[in-house]
Each structure stands twice: as C-alpha cells, then as structure tokens.
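Chains: A, B, C, D, E and F, in written order; residue numbering restarts at 1 for each.
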C-alpha cells in the first residue's frame, strides 16, 4: 500500500478533540505526576501482539499538545504490520509530559489499530477477488474521522463519511416517495452533483427496478444469500449498466470470501468500527 | 439496584458533545431525509438480544436535540435487564427527525449497554463475595463520563473518573521520589484533602511497606496470583489498618470469582470499557 | 419547485454561528435599545424590490435566539418569488428583541435572497435545455452551508459542499500523478465509494483520455468555447459512456443560454456566491 | 496613508474563525490532495485586475494554520494599490498545504480587497473636501472585524464596530422616549463615558432640536437632499456647537462628491460592505 | 433610578460562561446530590447584611440552565437596596437542581452585589455634586460584562467596557507619537467616528495642551491633588471647550467627596471591581 | 516549600480562558495601541507591596498568547515572598504586545497573588500546630483552577476542586436519606472508590454517630466553639478511628491559631478566595 493512500485527516480536523480528550483524562489536575519531580526520560511505545498500526500521527499530536518540546519519533508507519515487540514510537523529553499524554495516546492507538487490524483480516480474506471491504456509519461518536482513517490503514475503503457525501435510499425513503423511480428522481435533484446515489434492495426484483431506471449508482444487497448475490451480479452484468453492487448484513471473517466470490464490488462490515477489540500496545519508560 | 444510585451525568456535561456527534454523522446535510417528505411517524427502539440497558436518557437528549417536539417515552430504565425483543424507547413525531437522530442514538445505546452488560456479568460472577467490580482509565476518548455511568448501570463502581479525583502512585512515581514513604508524604501534601491515595504494589514486600506508613488509602495488587492476593488480604487484616486492596491485571469472567474469593475489596477490569462488544439494538418505524 | 427539495440545513448546523453573529453585532451591550423602555410591538419584513426569498427559517432562528417569546410568522416560503412590497415575515413581541435581532436577520436575508435571485435568473435563462446551474467553492467563509442552500432556493444545484463530498482532479493533481489515468486510479482507491470523481479538461484531447478510462464520473470543460463544448458533447455521446459534462469559466447571464445549447449537463457559475448583490429587504415597526 | 493607521485586528480575534473556515471548505477530508504526492512547491498570488489590497496578513494566517512550515512572503502591503499582474504574496513549501489553504485565502482576499477597492473609489471621489467616508452595520455576518479593517485599508473610517461602541438614537427610540431631549438624557446616563451619541434626524427641525440641547455628539442626516444638507451645515456652523454631521442614504460614486461639497463631516455608504464585488485574485503554482 | 437604566447584558452574551461555571463547580459529577433522592423543594435566597442587589437575572439564568422546570421568582430588582433578612429570590422545584445551582448562583450574586454595594457607597458620597463615579479596566477576567453591569446597578457609570469603545492615550502613547497633538491627530483618524478620545495628563501643562488642540474629548487628571484638580476645572471652564475631566488615582470613600467638590465630571475608582468584598447572601431550603 | 508541590495547572486547562480574557479586554480592537508605532521595548513587572507571588507562569502564557516572540523572564517563583519593589517578571519585545497583554496579566497576577498572600498569613498563623489551611467552593466563577493553585502557592491545601473529587454530606442530604448511617451507605456505593466522604456535623452527637459507623473519612465541624472542637478532637482520638476533623465557619486571622490549638486536622477559610484583596503589582515600560 502506498503511503499517499493513507493521508490522515489534517490535525485542524481533530486537534481540539485531542485537547478535550486530555482534559477529560486529567480532570482538574494530575496529582500523581505533580507529586514527583519532572526529569528527562525516554519511552518506547511497543506492540504487545501482532497488529496493523493506525494512529501514529494522531498520537504524536497528543504528545505535542502536552509538551511541544517532547521529541517524538515514529518508528513505524500507519498501515504497516507490526510484530509483537515492535517499537512503533519513541519519545524523549519531560517525564511528566510523557506520563500526562500516555493514557490518551494509548487509548487512541489501541482502538484505531484494533480497527485497522480487523479490517486487514477482512481485506486479506478477499485478496484476489475484486471485492473491496467497506465500513459503515456504526462508528464511535466523536471518533468517526479517525476510525474511518483506521479502516483505510487496514486496506479497506470508506463507504461514506457522513450523510452529506453519499445518498442512500432505504425502505423507508422509498415507501415515502412511492417507489424507487420517484425516490431516485427526487434524490438526484436534491443531491449535489458529485454525490452518488445508492439504493437498498431487499429482493432481486428491487434490483431489477434499479437497473431499469437512470440515476442509481450503487445498489446495496441487504441480507441476501450468496446465491442471491451471485444472481444479482449476473443481472447487473447482463444489463450493461455500470451500476455497482454492495453486499451488506452479518459479514464475518468466515463468510466474507464466499461473498466476495459472488462478484459483488463492495462488502460492508459494521464490525470494523463497532466491534473491533482494542489491541494491546504499551508505553515503557526506559 | 435503586434508581438513585444511577443518576446519570447532568446533560450540561455532555449536551455539546451530542450536538457534535450529530453534526459528525450528518456532515453538511442529510440528503437522504431531504429527499422524502416529512410526516408523522412512530418508532420503537428494541433490544435484539438480552442486555443491560444504559444510556436511555442520553439517547432521549439526542432526539430532543434534533427536534424538541418529538415525543420520547422511556420504556425501560437504565440498569434494567432487557430480554430480546423488549422495547426500551418509543418515539412519535416527525419521521425526518427520527431518522436524523437514529444512528447517533443507537451508536451510543449499543456501546453503553454493551459496557453495562459486560459489567453486569462480572458483578454477577462475584455476587455474595464482598468484592466490587471497578473500571479503569482505558475508556473511549470523548465518552468517558458516559462509559463510567454505564459501568454503574451494570452494577459496577467507578475507580476514579479523572486524574484529579484519585491519586495513584505507580512504579515510576515511587522510583522518582525515592521510595514509597517519601512519595506518599509528598502526595499527601499535594493532593486535595478529600482525595484518596492508592499505591501500586508489585510484591507483597511493597504492600508491607504501605501497611507500615501513614497516608496510603488503597493498595493496587498488580498482576498477582490468587495465592499472593490471599496472602495480601491476610497481611492487611492482621495489620488492623483500614487500607483497601484492589486486584488488577488480566481479569476475565472465568477467573474473577476466584479472585474475589481471596477477600480483596476491589477488582478492576479494563475490558469493561475497552473491549465490551456493542450489543444489538434496533430502531423500527412502525 | 416542490417544498421538500428545499430542506434547509438543520439549525444545529448553524445555530452557534447565529449566536456569534448576534454577539458580533452587539459588542458588549446594545446601549441604544437599553436607552428606551421595552414594549409590545409588531413589525413587518418587506421586500423592497422583486426577489427570490431565501433564509426565512434562518432569520426566524435569529429572532428566536434573541427572544424565544417573540412570535414569528413566515409570510412566504424560501424559493418563492416575492414582488416589491411583499411582506415575507411578521413579528410580534418585545420591541427591544425585534431591534436587537433586526440587523443580523436582515444582513442574512439580503445576502441569501441575493444569491437565490441571481441563481433564479440563470436557471430561468436555461429553462427547457437539460442543463443545470451549479455553484462553486467561491462562497463567503462562514456562510457556505447557507449560501449553498440559497442556490437551491433559486432553483440551482450544488456542485459539492466540501472537498469531502466530491473529488476534483485539476491540472496540478494530474501533473503530479503523471497523467489522467494514474491520477484517477489513485483517486478511486482513496475516495469513499459514494463520492464521484471529476476531472478538469482544458482540451478535447483530455476529454478523450477521460472517455478512454474507467472511473471518471464527470469532466469539467474549463474555459472552452461553445463550439468546443458542443464537440465535447458529441464525443461523449458517441462514446456510449454515462460520463457527465460540466461547463465552467466566465459564465454570464448573456452567454449562459448558448452554453446550455451545447448539450452540457451542468454549468457552474462562481458569481452566484461571490458576486450576487444584496437585495433590498426592510423591517418596519408598525 | 501611513502603515500604523492600518493595524489589522489581532489574530486572536479571528484565528478560530479561520480554522472554522478551513474545516468548512474541507469537510471530512480533502480527497483531491490526498490523491497526489506531497512535494515542495512555489506559488504566487497575483492581482488579475487593478485593486486596493486588503487581508494579506489574514491570508498569511490561513496558510500558517494549514502548515506552520510554509514560507509566506507578503509582496505588498494592505492598503496599497496593486496593478493587474502584481504579485501580492509568495508561498513556498508543501504543495498539499498550498492547495488546502488556497480557496479560503482567496475567498477572503477577494472579498476584503473588493471592499477596500470600492472604499478607495469613494475616498478618492471626495478628496480635498473635509468629508470622511464611513461604513455601516450592513456587514457580512461573521466577517465584520475584517470588513471594517478593509474599509480602513481603502482609506475610509469606521462608523462604529458594534452597538457597544457608539450609541445611535433612531426614530423608534426617540418616539419611545417621548422626544429627542429625554432620549438623549437617558442615553447619556446609560452609555459609557467614552461613547458618543448620535441622533438620526429626518428633518432640519430635528437637527435644530439637537443643536438646542446638550449631549448630542453627531447628527445623522437621513436621506436629505444636497440642499437640505447644505442648510444643515449652515445651521450647525452658526450654532457654534462642535456637533458633527453625517450624511446617509443611497450614496453612489456619482453623487458622493456633491454631498461632500455640502460641508458634512461624514458620509456613510452601506454598499462598501454589502455590495462590493469580489475582485479577481489568483494563485498559481509555479 | 429607573429600571430601564439597568438593562443587564443579554443572556446570549454570558450564557455559555454560566454553563462553564457550572461544569467547573461540578467536575465530573455531583456525587453528593446523586446520593440522595430528588424531591420537590422550596428555597429562599436571602441577604445576610444590608446590600445593593446585582445579578438576580443572571442567577435566574444559572438555575434555568440546571433545570428549566425550576420556578424562579425574583423578589427584588437589581439596583435595589436590600436590608438584612430580605428575601431576594424564591425557588421551587427539584431539590437536586436547587443544590446543583446554588453555589454558582451565590458566588455570582455575592460578588456582583458586593461591587454594586461599594459603588453605591461612592455614589452616595458624591450626591449633589455633578460628579459621576466610573469604573476602570481592573475587572475580574471573565466577568467584565457582569461587573460593569453591577457598577451600573450601584448607580455608577461605565468608563469604557473594552479598548474598542474608548480611546485612551497614556504617557507611553504620547511619547511614542512625539507629543499630544500628533498622538491625538493619529488617534482621531484611527478610531471609529463614535468613539471618544481621552488623554492622560500628569500636569496642568498637559491639560493646557489638550485645551489648545482639537479632538480631545476627555482629559484624565492622573494622581493630582484636589487643588490641582480645582485649577484644572478652572482652566477648562475658562477655555469655553466642552472637554470633560476625569479624576483618577487612589480614590477612597473618605476622599471622594472633596474630589467631587473640585468640579470634575468623573471620578474613576478601581476598587469597585478589584477590591469590593463579597457580600453575604445565603440560600435556605425550607 | 519545594517547587514540585507547586505544579500549576497544565496550560491546556486554562489557555482558552486566557484567550477569552484578552478578547474581553480588547473588544473589537485596541485603538490606543493602534495609534502609535510598534517598537522594541523592555518592561518590568514589580511588586508595590510585600506579597506572596502566584500566577507568574499564567501571566507568561498571557503574553505568549499576545505575541510568541516576546521574551518573558520569570524573576521570581510562584509561592515566593516578594518584598516591595521586587521585580517578578521581565519582558522584552514589541511595545504593542506588552501593552496589549498588560492589563489581563496584571488583573490575574494581582488577584492570584492576593489569594496566595492571604493564605500565607493564615498558614503562618497556625505554624507549628498540625492543622492545615483549606479553601472552599466560594471561588470566582471561571477562575477556580487558578485560585485553587494560588491557595497552594500560599502554603494552603485544597479541600476539593469540584463536587466530583470529594463527597460532602450536609444537613439536607442527611435529612433526605433518613440519617447519617443510611446517607453514608448510599454515598459509599455511589462515589468512586478513590473519593473520600465527609459529613457535616453541627453537634457533637452527630460526630459520635459518624465515629460509630464505617465509611466516613472526614467530619466537618460546622460553626463550633473552640471548646466544642477540642471535645470533638478528644472523642475522635479516644475512638481509635483514623477519621479526620475539619473546622469550618467564620475563620479570621485573629481566631485561627486558637482553633488550630484544638487539634483539628483542617481549617477551611472561605475568605481565601472570596475576599482576598488584590495586591498591588505594576508594569513599567523602561
């Protein structure tokens, strides 16, 4: 994966959040570190299990916010696989600053690397098929930009980042508009010109409706069996339409490769952001 | 559990965060709901698996922030066990408002109830022993107040909420101060009068040191075996000191009851907040 | 135009800005209104020239922020044409509140209605052709969401609202990536799945390149003559590709109809947001 | 004009706004610049038409907010006239940073220089008379401090910046207080000691009332003819009072010199901030 | 004093500060009130010593922020003298809400009423002379708007509220500009048209300079003796200039009447805001 | 006192407040300093009376916020006694920056040093007894963290910083819970494990109740006579319980030593933060 694919969000997009996270951790004052003298120290941040790294630049911003004089060296790159024991960041400077930034930096690194590691497992599972792994809106409130970036670090792609950069018509919307065709027609007039429209299909009949009209860019195949999805791909291919197909619903590492084998373009996995276990990353003062 | 134990944080403490979460979800504008007419609707929020509820008042604040005219009825109480299929919240009002609040409300409810459910499993496991289940600082950045509340909803207790409301002296602090006694002496002068001091002990020898001096309120037994912890409890009891003991390190549901059997006062479990899987809660428009 | 096309941004997206605008207007304290007694009053907001209204709900939020007890009645709808003398809003309540909200409400209404009025002129000019009028990124800093909405009130469409909901590859990007094909290939992997990719073409040769590769959704025809654009449309139609064409560069009311006649899908007009003159709207206490 | 007259607002007064403007432009993430490698670049910001520059230090803050390592050289000074083709700013550093700051910097420069340019035209028109050109409260919400500065860059003066630094009694206030004398008496007790009081006069009779009482510092002559204003000046001069006169209402470049010829002290022009067209300024990567 | 002179700042000007004050008082959570059941209660806020009330509407906003359902009745008006034992506010509603708002409401009331009470003492002392009592910039950071209002509640006047609504030229400024006349000339061009210019004079010679030039509205007599000030008043009166005189420096209740007797227009007293002792006001649950 | 006891709050905890304080002081723009040329200058900040310094690092942050290029040298340490005439800070750099930061820096230094100076007087008074001087919640809204730090600079200790880091049960709470024992039992379950519980006792009977139950860490002796307090200490000592005693109510410098002589552990003094007079500190440009 080339580094430029992994441009993290600009710090202006999350710096104030980091400050709030630090204040949330400290409360009124960190009495523990106020109880001991400050002195020069070195510290390593180390992976305690194999993982895919995500969030190193974010963690660096945390330490810089605590003390701009801290020297922070990245010993790995976001998106890289780290073996157990691999040092991913090296700090030198005020011991107090290191201790005051430690917990927030680790809490972020552990969660983001957890998402990247799980994403990478899904991506590896579908390697060689044309399918791409997508995330969903089931992100942690307040951390969406960073979690979406962690998905990219794991080799996945983002579905959409907000309701403003992708228009999805679900059952409710379609019922309210009186059918797929009128819903899409309104949506196309409402949405900005560079935003795609996706329609949720619960049956192949609904997919056929989408193929029959203009304006649908992507169809989400909702909770279909592999056989149904394979048939959906066949219908799409036969139609000559450039419409893309996304498989969705209860994806697991066990099942994902057979889903990818149906020929769908995207497979979305809510667990990437709502259930990725935190990976184990430690900070040691040396 | 009586309801007054479960006072949630005051909305002033998190309302601006909820607003930010909604803006984060929507981006510039929710084109999907802008594509369909707004109309009166009813919706149910339902548990899809057995769980302990946490976050209902928080979720209500989400919907109120979207539309103060929405009628939101809580059909359960935080801290209550809900069986699969149990309706926990009922909404009536603008369909657009329901859809615009849905995802953020569910993302919060699923995570907080996940923490409450896991906490409840640990608490049930130690029922009848005197031990209390504590959380740690390994919380999700930005959600700490709410996650700490979810731990209380699950029957657990909070360790400390910030570095300002509890003073913990770890290995690093003790080394820097030149021993437990001098570290505690300084800490006692530094800390506010109503804050307790906890010392991390990696050996029983260190516990003995703590018992020999004034000013230590709690000792954290770090990664000790059950046998060591039982011995620690014996030492403490023999000392006639009111000092409290907290077991820490790699607690699992399998192990926790035998740890509680050693007689420790507290058992802290990082997984409550860093690894609780989100539970499944849905919203259905009816 | 049907009303649901004109869903304004949710007040949570701009309410804090309105508060800041009021504080900016008042400074430390409004000494003028503090010099006279408060009393019940009625006021009309009236168009002083023919215009297309935009921002009425925004203006209502301004007055509500000053005094929730003010009664604010909308006498027109956003997107509606108002003749000279038409009352568009009616206020009753505290005279002091009306005076304290007046200037900010009018400053917003005049600008937003100015943009809607100019947009409507362009939209009317291309009526009957298939071309749609788009806005650009040349918006007033701090007012983008509202100005983009004003464009929709005038019958126009939004191009993209931010750099996050549309990916445009310009000359610089293409040069840096080593050509259109490699730039598009990277962009497609970088961008979320529901975001379209647009490529800027300064020559028909570049359009041909775009037609020859996958992954380009829209081509911007930069500063081309009408003849070139007509040829571009011919090339696109002959290609059988669903790619869309956007005309850009020095659009004026005089020229826009002939541009639309070339068959392009979109015509983008920077002036909608950077040069629309404020229209004249007054508030009169009665 | 000497440079010290042109002290811009302190960056603390607007820096957070600039950050918000950048986030507003980018949305979740700038996918375009994330698609191409970052590399060292040089760029020029150039006037495309004759103009009076305003906002260079503000634009520099924009680029610094994106990347503190960017080298930004001001090639002109605010308040200076720039011919077409004149380079006003020179940038060197990260190409990605330049692209990410470009649009916001230009949107500000174009609007502020537009206001400065129009102001300068009015100021030049009244050169040699004693009249000074003033702005009004009809500013763009959120940009008032910067627009007021742009007026100074164009050689104009500020009327007041907020309702807190000048007290204006209009028709409504006077009616409510029961006449000019009682209104002024109350206002003088309410207002801070260093704030002047201005009274709006629609007739010469009202001006006579103002001249007859203490406490009025400035009289606004509202929509009077040149003949009336000349008479007003005569009355004021004959009175021996130091009271100042401001002409207001429908000022145009065509009319302003004859208004100045009446001997009024100030002429206020709403168009400076509500109708100044954006001037054309470009950024070119070289 | 009539009530309209006492218009407090609009809540939008300080409401966010009140929220911050409450969060500052509570920290993470108010464990005390969470320990007891919530129930309906009544409470009185009572003056424990004679005082001039200031801040009742501000205190009401505090309680409303805690719980909009609390009924808050003002039993006195800002600016009113209250005897010992006088109830100034009556609350009914949730006991928890009353307790959570109590401390912040009292901390504000006690300080603001302290300033109003001290101001009233100075104002009473100079009653019958023409002199008005002014405040200074020596306010409590973060509370300036409210403290300036408290001065008005005590019958005093505000000098200026910020550096933006009054221009004061001190020794440093005059030296840097090369004399009073050039400093005033520049200042007059820099300042908005409705802002007055005050010059600090340490000698009568400097006052004479001010009287000899145009553009000075007020002269501050810095640390002069009563005799010098009387001479200053004589010079001013003899000059026929409308220039106002402000006495400044070490004013005390003992001295202020004799200063007022010199005929100065204003007497500024830093102690009003930097040294007013908090008055004693209690809340009792009944 | 050793310097590490005096760790001030981290700047992230108050930097945004300082920015707000500066904007509050300046208003829209500092016209005075805009009227004179900027030039290199030196300035001294000097104690005008004997005092205990507090807030030097905070004041340095103020000047850095105005101009990061200012050189700021601390000539004393927080907590140090300074004689009259002692220079405590030395500035060199832009004269305009010095003038723009001066007032806010002094307003903070004068108040914080006032609190430190008064605290030191109380602490000196009880020297040699075991009693420690505590502050209360009667702090200035918005300045609590800094005022609590100033108390530490004066040699005092903090009671609690917020309602979240100490649990105090008062008369109201106890009545609502039905007695001390049930109130404490609930509180112990509600509160985090590292937070102490304090009970307010108005009679010795209530103290006896506290000594008879578990879970009370501190008892506040409310408005007792010295004799009662001495008896309370006797009861506590006889009980063999480690419970601490805090004397509270109308403490004065005259009385405090005799209170300390009763053997209480803590003496809390509201005046430290609600009535400390500002000390006199000046800035002189040299």
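Heads up, the rule we're going with is that a contact is a pair of C-beta atoms (placed from the backbone, for glycine too) under 8 Å apart; a residue touches a chain by one contact, two chains touch by 3 or more.
Source: prediction; values computed, not measured.
In terms of the stated touch criterion, the partners common to chain A and chain B are C, D, E, F, listed by label. Shared contacts of chain A and chain F, meaning chains that touch the two of them, come down to B, C, D, E. Set side by side, A-E and D-F show the greater C-beta contact count at D-F.
A straight line joining the Cα centres of chain B and chain C is 45 Å long. Separating the centre of chain C from that of chain D, both taken as means of CA atoms, is a distance of 25 Å. Averaged C-alpha coordinates give centres for chain A and chain C that are 31 Å from one another. Residues of chain C in contact with two or more other chains: 4-5, 7, 26-30, 33-37, 145, 161-162, 164-165, 167-168, 186, 190-192, 195.
Taken as a contact graph, with one node per protein chain and an edge wherever two chains touch, the assembly is complete, since every chain touches every other chain.
Chain C contributes residues 4-5, 7, 9-10, 12-13, 145, 148, 161-162, 164-165 to its touches with chain B in the complex. By the touch rule above, chain B contacts chain D in their complex via residues 27-28.
Within the complex, the chain D residues that touch chain A are 19, 22-23, 26-30, 33-38, 65-66, 100. Of all the residues in chain F, the ones that touch chain E in their complex are 17, 20-21, 24-37, 39, 95, 99, 103-104, 107-108, 110-111, 137-145, 161-165, 167-170, 172-173, 176-177, 183, 186-187, 190-192, 195, 274-275, 277-278, 285. Those residues of chain D whose C-beta lies close enough to touch chain E in the complex are 4-5, 7, 132, 134, 157-162, 164-168, 186, 189-190, 192-196, 198, 217-218, 242, 244, 246, 266.
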